[in-house]
Amino acid sequence: MPNEFFILMKPELVLTGIIFLLLFIKLGKGLKNDTLLLLIQVLLLLNFIGGFFFNKEGVLFDGMYQTSALIALQKNILSLAVYLISLLFADWFKKQEHMPEFFVLMLSAMLGMFFLISSGNLLMFFLALELATIPVAAMANFDLDKKRSSEAAMKMILSSAFSSGILLFGISLVYGSTGSISFAELPGLLNGSPLQILALVFLFSAFAFKLSIVPFHLWTADVYEGSPMATTAFLSVISKGAVAFIFMATLYKVFQPMHEVWYNMVMILSIATMVIGNLFALRQQNIKRFLAFSSIAQVGFILVGLSSNSIEGTTSVVYFILIYVFSNLAAFGVAAAIASNTGKENIDDYKGLYRTNPFLSWVLALALFSLAGIPPTAGFFGKLFLLTAGASKGSFLFITIAALNMIISLYYYLRVIRAVFMDQNDEPIEKIRIEPSAKFALMICGAGIILVGLLSWIYDYIQNLV
Amino acid sequence: MMEPGLYHMLFISATLFFIGVYGFFTRRNLVTMLMSVELVLNSVNLNFIAFNKYLWYDKMDGLFFTIFVIAIAAAEAAVAIAIIINLYRSHNSIDVENAEELKY
Amino acid sequence: MSGSTIIFYLLAALTLVSAVLAVTTRMIFRAAIYLLFSLIGIAGIYFWLQYEFIAAVQIVVYVGGIVVLIIFSIFLTQQAGDELPKQKMGRQLFSALAAFCGLALVLLQIAQHAFVETGGEVVAPTVANIGNQMLGVNDGGYALPFEVVSILLLAALVGCIVIALKSKPEQT
Amino acid sequence: MPGLPLFWRGNEGEAIMPNATYIALIPLLPLAGFLMLGIFGRKYFKNTSGVIGTTLLLISTVLALYTAYGYFFEYGKIDGVYQKLIPLKYTWLQFSEGVSIDMGIIIDPISVMMLVVVTFISLMVHIYSLGYMKGDERFPTYYAFLGLFTFSMLGLVISSNIFQIYIFWELVGVSSFLLIGYYYDKPSAVAACKKAFIVTRFADVGFLIGILVLSFYAGTLDFNTLIERLTSAESTEFKTAVAASFMGMSALTWGLVLVFIGGAGKSAMFPLHIWLPDAMEGPTPVSALIHAATMVVAGVFLVARLFPVFAISSPDALSLVGYVGAFSALIAAVIACTQTDIKRVLAYSTMSQIGYMMFALGVSKYGGEDGLGYTASMFHLFTHAMFKALLFLGAGAVIHYIHSNEMKDMGGLRKYLPITHITFLIACLAIAGVPPFAGFFSKEEILLAAYQSNQSIYWVALITSGLTAFYMFRLYFSIFWNREAHVHGEHKGEGGFAMMMPLVLLAIGAAAAGFIPFGHFVSTDGARLETEFHLMFSIAPVALGLAGIFIAMWLYKKASDKPDKIASSLNGLYKAAYHKFYMDEIYMFITQKIIFNLIGRPAAWFDKNVVDGLVNATGNGTKDISETIKGLQSGKVQQYAIYFLVGVIGLALLFIYWWN
Amino acid sequence: MNLSLLILLPLLTAIVILLMRNAAQVKWVALAGAAVQFVAAFVLLFQFNHQRALGDKAQMLFETQYNWFPSWNISFHLGVDGISVAMILLTAFVVIAGVLVSWNVTKMTKEFYFLLILLSLGAYGFFISLDLFILFFFLEIAVIPKYLLIGIWGSGKKEYSANKLALMLMGGSALVLVGLLGIYFSGTEHSFDLMRLSQLNIPVSVQMICFPLLFVGFGVFTALFPFHTWVPDGHSSAPTAGSMFLAGISMKLGGYGCLRVATYLLPEGAKEYATIVIVLSVIAILYGAFATMMQKDLKYINAYSSVSHCGFVLLGIGMLTKTSMTGAVMQMVSHGLMTALFFAVIGMIYERTHTRQVNEMSGLLKRMPFIISVLFIVGLCSLGLPGLSGFVAEMTVFVGSWEHPDTFRRVATILATLSIVVTAVYILRAVTKTSMGPLTTGFEKLTDATWNEKLAAVILLAGILAIGLAPFWLNDLVGPGAEIIMNKIGK
């Protein structure tokens, strides 16, 4: 038992270790930011690499905690993302007085997500979700002297408290009608009665809130825009990824008896999410807000794949999120590099960027193409497989609407491309000095964007784990 | 009047829940909004306890849920209040209508 | 009608009426006090249900912790005597309508649902039972959630410190 | 031709085949000239290109004459009937089973006759141009285009496949276009070449559809097979083609009428003639070659090529040919009487004469004596090529000398241009049908054929013949007599040997060609046709012709105001004829007002505003929606929560009460 | 021949281009790459013919197959039949010419050639794909290079045009995608493999839904009315090589897709919707022609005329006879070469006169005989002069269309033939106005074509003439492919 305990909970334990290490360092006040950041980066890299080894399938704490190869992979995707974040926003991190605290918060949230993915009952699920949320609200407020940052944090904490209330109400109804909070027992107890549908809707809305599914998405853009870039990236990539994983697991496993209900729910909300996300993204000027709405639309796509309720669905969602990590982080990384050097966050400021910063421009272009689903970037494969998985249910109208939404999304991605490559500007952003670590991370992202799609074994690898 | 039972509890909790929700919708002061959230969480706690008491008395899941929710509520309130105070410092107001710079 | 029933109804009335007042009064300090009453009412109901431990926790955490925190923050951010700004009428009406619809829907569903009951043996919510299970690792033990909550509280603490304890020089 | 026998004699019982190699060379040599001069001429053959072109064509001419000799006198006949021989056939494009475009050579009387005519006239024009175009900036280009035209025209006449003829048909069209637009910096020339191309193109669509119709029913594009299948009443192809009807006419008739429309376009039949007068913007030798002697008779040739089908299977279509021809002949003659540009007069005259050939075909029947019209038509084609080329070249000499096309700038030139004068006179006599010049014989045969078969056409033809004599001599007298010449000193003579030799050779032809016993060689069924000469019959046309000549002499020999007086007394008719019966205006109305304004402009407008507008509206609409719903994201966190709750309630209602 | 080579060569070229240091090196690398590819295309042609002559009757030759996404049953399956070989030849011609005419691009040369080669990569891949997934992959790969080429190196309202093009093409491919997914899930065996699918019988109900999706989707690429409006704007704003690639290659992707995917895999759908296809294509033919008549910008003229000419492609496909389909493919090849050359010439003229307005030029023949001669030839090809490729293709379509005895198709054919007059009108108007007449003042100093322009023109002309003068080789190449498609459709 003890050995198994350490092996199975390895990711969480490692993360906890890092958190405490950071706290001790902070208390000791021994290290400069640069050194510390390097240390953190190394630790996170080790965490990521370590994630590949000693993975075992198993259950702990009477089913409260479960893990499997797929879950390990999902956690590792998140680890990778966190590692990339630590590289990409190095410039910003170094300027922070409270950098260790930021990482403590971020890694706590990560820990919450790990528990979330591994959670085996509704209580663990709820606690992990809160652990994954509350520190992020604090992270959102990290630009302490910016009004927008506080506003964003306020919106986040209040909205999420509200959504927690709804979620809890839903959980209580599930509990009341079945008497169980265990994921393993619930499928046998759910029967699709109206009250359970009501409970499902309440639960669903909480997931939807975290995933920014329309109409529960409204906090997203404001929080993304106001928060520091690193927080935004964390929210949009890691938080979303983790919730998508557990959402999928919950729907596929726990609510399998009610799959007809949630299939339709997912379909309707998917369409609404794509359409609304796209329509809002059309007219955004701020790059973070723009990426916020774009990520909302992306979630709409994830839902398409998710709706398939099949192995292909799981695989394609995990695959897509892997790709999404690379693409979105690359976009945020470029935006961060520009913002931290010039303070410019508007798309119009990007005009003529290519003339002065070709590297950033190409990475941004790759990232946006990948988000738009243009070959040969991985985003193409990701989206296509999501659609293919979704199409297996045979709803042509749904798939057609989804496919047509790709056009709108292409339009606004091209708007950025156009600003970067085509528009004339007498005063383009000057040549930016990119942190070496950020440059390295951008290269990783770029390579990921290209290779994850073309190398088909990655997809097969995921499929084998499912 | 009937002997109080499950449905009474559920009625109270549901009503409390939506009173909290109403407060959350209408209060302009951030602290009072937070108070409304506390009402909401309390109503849920009551739900869990009621279910545990009347239906699923063979285990204590509902009870534990309540305990943890209380803990979470505390943590949430703490962070929320920290954020509100910070917001007050920058805005000199905790009126929610004054914090809507981020929109559209 | 037994005495306990009357007590229950009184507690329920206290809870609900003070909750309504808490979300409607325009004096912020009074709102906090009404909230306090409402929470005490709920604690009373827990007592009534013979969940004394929970009732105690409720009193300690909410009344002793959260409400105090809230009152503190009110003092920090507001002159206590000020009237709260009034919400727009349309918003109020719409909120009331939405909340009422929600309530009606939920109550209707609850009322229509035939709840089943476990036939198992009653486990008394004594402190001993709760304590054992809380820290147990097997057979429905809640050690893991306990740990998770501790980390959450730690993180919340760190967050609060960073946010609220803003160092002076930065304020310029 | 050492080593190359004239023809292959196969084994006993097999058909005799002429040697295709040298027949193929006839068109290919001018093509070689075109390629060589077109690509390298500007660089390497700046001055020698004329000689190169002419030499190549001389070889072609010799080969053509050799072929003619061989065919008519050596091997062409079997049992007294000239055969349609196909010495070469190469599948160029296979559409489907049986239907393919073949590049082949057909050797039969008319194609051989045309080979001779085309090469000979072309040679004359080549030689003539050596003098006429001397010093021109684009001399090599000119000869290149001439080569292209000659190639195309020769290809056209030896085509063994109806699609092959269409191919060369288009090619002569384009070479005509290029040559009309030769003086490309003159806006009128540009307009004229465009007009010529587009009008004939319009007719070609008819031809094309006709081909499609015929080939569909015949199941082949090969001339011989097609004719065979569509003329034998027993064949299934014939039966279906006759049985299928559309708007009251059989499919076969439709096909033939459509093919005839193509022919009418190229041969400037009414109402598709409007391009021909304008085509005179090209260099005059070109007019002689293309717009008088060869290309414009392609329509006649086409009808002649398909004559058995017309005559046997669809008399309706054939009579249409006859009436259109007769009407064109008359109307062109009337217009010719009023024109003052000498080349335009000749152009209308050409149109009129082609009308003759057309109606001669129209009044003919198939086989034996009844086929007189056919023979006459071909005969007239032959003689007309001689004298009309001569007229144009003569006119060219005049224009070369006087630098103007207008009659009013001319007069009394007989002293300055003696050779031109004489040859021109011979040509005029020939066209007027004065014995014993060539035109007399061919025209007599035509009139006889018309008389025997269709009286109304005969009378039209007779009147036209009188008018012809009148306008030709009006032209003649206006140029060479009338006023005294006022010629500037810089002009030197008639343009040298190069220009005079063709005139003389053609004059000999125009004078003597009539004596060829044409019926021996060319007839509907290939058998020998004896044409008799009816003295009594000839009196009327000859008398009319002479009358025309004398009226012209009375009016135009001396400068006077008589013509003007007559013109004003015939006010309406004269004006109408002078304005070519307003055909151009009608066309302008149709193209500009109807096609451009009522179809083109609305189409462009529709595209820009409706179709494209819809596309843009979709884009803008999306943006508008986006702008409209931005209030959803109001920045108020409480509103967000309200939407949240509304969403939850909505979903719950939807799935509890409706979708379940 | 290993067909992967056709994809690897451009890929290699593109990578090498990225590694180059200066513009001159980039140009030569691109040219070398295009030339090697050109040779490879010919090698393919000869080997293909050789193989056929040896009696290899397989539907597709040189098949190669690698597993790609085995869990989706996707494989990297390549193979060619005569139709593909013809399209590859076309691409090779256009690419090398496009590289040559872009010799003077000075703005971001490296990126320009990189995108050009990437675009060609998409086309090559598309034409040899036998798996619908990779077919779609290559179809979409080509969209963004077009967008960037227009947006960065274009002229006029380039951003608008680039956007419109990218969005409309994406719209088309979105429909294609849905159609492909419909096919994929139609049977019990989920497969994207073209050969496999052609043996399965896709249920009629699926065909009825998927055919319009696929046909319209691919149709957008090939200017199906009313989805053609990206064509005029896109072409006129694009840089010369961009227009050449767009009209010469890209629009053909659509036609090929309509034929190979929509019609071949969904024969019942094709029959059912033939009427609509024919009506739309006849509208495109005539309407495009009439709209062209009103244009004043040379590029717009050619762009609208492309709408009209591509209508013949769709007409040929819609008529569903072997001959008409052969004609459609020939028209694709012919139009590709012709329109590429046309755009090349327009580009040459524009580079010298700095205007494309027909009204602002006159008499250019005097100053640039070579360019204008080519303009004449290509104009004549466009209006269907025998001896040039346009004639052959159009006539094949006409004859093929006429093989149906019913009145509707007859009338459609006749209406389509009428367009050749309108074509003559606008082509002659444009050509004569620019090249003939008195020379516009200010143009006295203009120079004729440079070596690279001449070479580009000669290469394309050679292609046009090779088809125009000796169409039988192309016919023999394409015909059997069309016959297989027809056999699937049945009579």
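Per-chain numbering from 1; labels A, B, C, D and E assigned in written order.
Following the convention adopted for this analysis, contacts are C-beta pairs under 8 Å (C-beta built on N, C-alpha and C of every residue); 3 or more make two chains touch, one makes a residue touch a chain.
Since the model is a prediction, treat every value here as computed from it, not as a measurement.
Engineer: Which chains lie in contact with each of subunit A and subunit E?
Structural biologist: Touching subunit A and subunit E alike, sorted by label: D.
Engineer: Using mean Cα positions as chain centres, tell me which chain lies farthest from subunit D.
Structural biologist: It is C whose centre lies farthest from that of subunit D.
Engineer: Considering B-C alongside A-D, which chain pair is linked by more C-beta pairs in contact?
Structural biologist: Contact tally favours B-C.
Engineer: Which chain has its Cα centroid closest to the overall Cα centroid?
Structural biologist: So the chain nearest the centre of the shown protein is E.
Engineer: Using mean CA coordinates as chain centres, what's the gap between subunit C and subunit D in Å?
Structural biologist: From the centre of subunit C to the centre of subunit D is 102 Å.
Engineer: Could you please state the distance in Å, as a whole number, between where the Cα atoms of subunit A are centred and where those of subunit B are centred?
Structural biologist: 27
Engineer: Could you please state the distance in Å, as a whole number, between where the Cα atoms of subunit B are centred and where those of subunit E are centred?
Structural biologist: 65
Engineer: State, to the nearest whole Å, the distance from the C-alpha centre of subunit D to the C-alpha centre of subunit E.
Structural biologist: Here subunit D and subunit E have centroids separated by 36 Å.
Engineer: Which residue numbers or ranges of subunit D touch two or more of the other chains?
Structural biologist: Counting only residues that touch two or more other chains, subunit D contributes 619, 630, 633, 635, 637-638, 641-642, 645-646, 648, 652, 656.
Engineer: For subunit B, which residues are shared contacts with two or more other chains?
Structural biologist: 10, 17, 20-21, 24-27, 33-34, 50, 55-56, 59, 61, 64, 68, 72, 75-76, 79, 82-84, 86, 89, 96-97, 99-104
Engineer: Return the residues of subunit C touching two or more other chains; collapse runs of consecutive numbers into ranges.
Structural biologist: As it turns out, subunit C has residues touching two or more other chains at 91, 95, 98-99, 102, 105-106, 109-110, 115-116, 118, 140, 142, 145, 149, 152, 156, 159-160, 163, 166, 171.
Engineer: If you go through all the chains, which pairs of them touch?
Structural biologist: A-B, A-C, A-D, A-E, B-C, B-D, C-D, D-E
Engineer: Hey, which residues of subunit C end up touching subunit A in the complex?
Structural biologist: 105-106, 109-110, 112-113, 115-116, 118, 137-145, 148-149, 151-152, 154-156, 158-163, 166-167, 170-171
Engineer: For the complex, give me every residue of subunit C touching subunit B.
Structural biologist: 1-2, 4-5, 8-9, 12, 15-16, 19-20, 22-24, 28, 31-32, 35, 38-39, 42, 45-46, 49-51, 53-54, 57-58, 61-62, 65-66, 69-70, 72-74, 76-78, 84-87, 91-92, 95-96, 98-100, 102-103, 106-107, 110-111, 115-118, 120-123, 125, 129-130, 133-134, 140, 142, 145, 149, 152-153, 156-157, 159-160, 163-164, 166, 171
Engineer: Under the stated contact criterion, what part of subunit B meets subunit C in this complex?
Structural biologist: Against subunit C, subunit B makes touches at 1, 3-4, 6-12, 14-23, 25-29, 31-32, 34-36, 38-39, 42, 45-46, 49-50, 52-61, 63-64, 66-68, 70-79, 81-86, 88-89, 94-95, 97.
Engineer: Can you list the subunit B residues touching subunit D in their complex?
Structural biologist: These residues of subunit B touch subunit D: 21, 24-27, 33, 96-97, 99-104.
Engineer: Please name which positions on subunit D make contact with subunit A in the complex.
Structural biologist: 619, 622-623, 625-627, 629-630, 632-633, 635, 637, 639-641, 643-648, 651-652, 654-656, 659-660
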